[in-house]
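Read through the structure below, which is laid out as structure tokens, and then see the notes.
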């Protein structure tokens, strides 16, 4: 049937590349976008690391974390102020954050001198987040919230677009195209785990898809980052998957770091502590040099 | 490790039912919500059918389809005016629709006397859609757009919440809870196909998950509908999967119907034509009677 | 790249049908294989039902079950004598079965007068199983054990080939072709649940794929059966999924039935009891008539 | 319901580790099996590499490949003589191989002095393969062919057990236990790609699951190897995924190498050529040192 040939399935066909995401697609084999955010280069020789807690729990804590991750070489402080939750019942701890969490991030930025990345979850908070955060992080559940993508893109701020845990690479690049078409070219993609039949532990939910790193980089010129903390949901697997992310060619790594992981306010099974982070930064730097002559620590 | 027991994985544990979606959860074994929308009962003996084209292509066509599906016993006219698209490049045909498509749906409703369901895709159009559509349809990609769920819920209009193609039943009921918590109890769930490793044909994208029908109905009192057209993406599978949906216990069926499927403006591989729809309505009625002493045709 | 066009992915392309499974493929639109096994027709108007326990626990029990399922209209007694287990540690109950279980099945067949289906698990037992069982059942884990498929096919006995829980329809029809190429045309396919990211309950493992029924029947002339007991692993979902299987067009249904499900020797969460089976047989018959003018009860 | 607690789902629960695979499970945190095969240590400081063609095409070719991969530092020559195929229709090239291919592998071993790994596909060939091959490779489709696992184990030869593309880690370790229970402790696990909803390119079939490396190593003391060639099915992704495999902690890497990949007799999209292999060996060695103070090149 002739009609059928016009409708590809869920993976990317050669024809897709030209017609579905012409802006996201590479123009030539070695086409790679480079841009600066708050003095940090993306797509270049140094691989930026985003580190910090899942949730901005208190002013003291976020400042302490900011100092520590900066001292170990992190390029950005990450921390959740506005957090989308699968269920509408949140502990009181969540209610304290949002605007307050954003203010604490601003305090950490000013006091410690480290750029910020935090998630923006809805249109009405875009301006507030854009004022503090150097990058607007769009979470997995908003990946195909197209009007929201457009609104974020129009701020002109750098954007990190996380892949939905059920989205194909084709879907993801389609979402990226919605941002690029607004003329916003400071776009970072972030793989954070997908739903598969197998996650190995009864508590885990996702599988970090590292095959998507070379797959995406074959097609797009945009930097692609990995987040092994959310993907694995399990502390002992974070370091090996971070190193594997670097070795697969990732252009950045996002990590959850907390001084007392077992007592983190949310998701205490996944953060690593300061000592493990410091050690991991050195190893990631070694692996970056060994595999691609890039670096993590300048 | 003790902490681990507090973090269930991706499927539903008994504890989840009480703590994550207390409003969506059944209060007793036979608890089932019933409500009326535009004179049509949900959760009762008659199983409503939503039929119409993927896209509202023209005034004449939508009126013709409305007349035909009504004559065959459909309870609602479905048709896309605002359509979320994976890629930002839409054919001119798409640009004609949106407000115009909505107006044509209103024309069909008035002229033919059939209630309407259509998707609302972004907050700024909620009022316009709510004025014409008897049910606000929330699409797969917006399932976890929580501020949008809240905004739709607050209109007080009946809502159909489609499952995201990558969402677990746990995620889906969590999203439902965001609507129920606003006091809006006229909520319909709709299964429309999930991403799995296998879709059988190279052109197909999704798998209609009928196991989720008894699974959802074991836990929730909300009506659960199936959409075999989007799930299968393939005309010859639509009728068997619609019948199977009824036999699995679904509380409604959504179908794409077009007078000339091969020339439908979008997704021409999936609609059925008038004759097949009329025949399928009779068969669905027979199966509903045979399996659950319910009916489709009153 | 030209080479790429020669290598389709995991789903079926039109070219596959002609070159990969010419014997399994339909020769014309309505091509459907019919054959008789022990007086029961496959592919015809009556939809055969296979019912019985997961494991042949004792002589008395299997005879009691045989009488009861026959009285309710079952066409075959199913029961496991040789059982493949994920782990090598089996309870003493498993060790009692195997040859002994096979002998008890033979007793039930003789005493009650009902044909038998049971799994054959390894080559050295093919003759012993073939002597008692009217159909050689090949389990999910052996679906791509090609030398074993060939050995079973060469007995000339009717064969039921269960789909592997990780196999595509393409893989499954490829395995069927290994049997057909030996000249054995009495081949029944059986869908018994696949691995997907979502199984809804924390105890469940598989998802019954009903979309594969019309998908397989579009391509192959072989009868296709469903097994909702193993797929759902959960009693309350068995009846709705059995009815849905019939409505999707399945050519047979396999069910676990036990007089005291909670005390079944293996997998006590999935069998239905005699009363539920009797009731389900009537409903399946009703649905078969309503949907395809076929029947379950003659 | 109490019964339900006894039946875990598809992932590994803490209780599983003790009861389902006591022999495969680690006895202590740092428990790691080490053993020698043909002078090569597994589980130690050096990470063995298995390299060679998908199919043993000719005597000349396999000897040429053996010389080249040995010169670049490969520890084992891999090559398919007996090959399980999804469909029974094989090109004449396949028929030439089998016993002949095995003899050519023996020639390469003798002439070049490199140990051999090749797949054994059915019981009747175990002795013939065991005579030539230093390791018996059990393919993905035979992972749960339990009588075959037992038969291979009883030869006392070292075994590589590939994960089925639809198997959970729980299934895989269960299969490993069938081998260990026979007293054969020279067992290597190999991850070679799983079925997921997303494989990125329309020609690809599998996704290399690197998260399973730390997951398996957290539970089992057995060495775990990765095969990025079969998983990705796409040459440009092989090197990054091989490096990522090393960085994730893998205890070995299996690679397809062919002097003229585009003209390889089977699967020409996946092998790398001699020059790329030589370069990759050096990079893998660098990454092994950088991440775990291990090495690939001694």
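We just call them A, B, C and D in the order they show up, numbering each chain from 1.
In the analysis below, a residue touches a chain if its C-beta (ideal position, glycine included) is under 8 Å from a C-beta of that chain, and two chains touch if they have at least 3 such contacts.
In this text the structure is predicted, and so the values were computed from the model without any measurement.
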| item | value |
| --- | --- |
| Most distant chain from chain D, judged by the mean position of its C-alpha atoms | B |
| Pair joined by the larger number of C-beta contacts - A-C, A-D | A-D |
| Fitted rotation between chain C and its twin chain D in degrees, CA, nearest 5 | 180 |
| Where chain A and chain D are represented by their mean Cα positions, the distance between them in whole Å | 32 |
| Centre-to-centre distance between chain C and chain A (centres being mean Cα positions), rounded to whole Å | 46 |
| Chain D residues counted as touching two or more neighbouring chains | 4, 8-11, 166-168, 194-199, 201-202, 204 |
| Chain contact graph, described as a line, ring, star, complete graph or other shape | complete |
| Of chain B, residues touching chain C in the complex | 8-13, 166-169, 194-202, 204, 207-216, 218, 231-232, 236-237, 240-241, 243-249, 283, 286-287, 289-291 |
| Complex interface listing, chain C residues touching chain A | 1, 4, 9, 11, 14, 166, 195-198, 202 |
| Residues of chain A that touch chain B when the two form their complex | 3-4, 7-10, 19-21, 84-89, 121-124, 141-142, 144-148, 164-168, 170-171, 174-175, 177-178, 181, 194-195, 197, 199, 201-205, 233, 262, 267-269 |
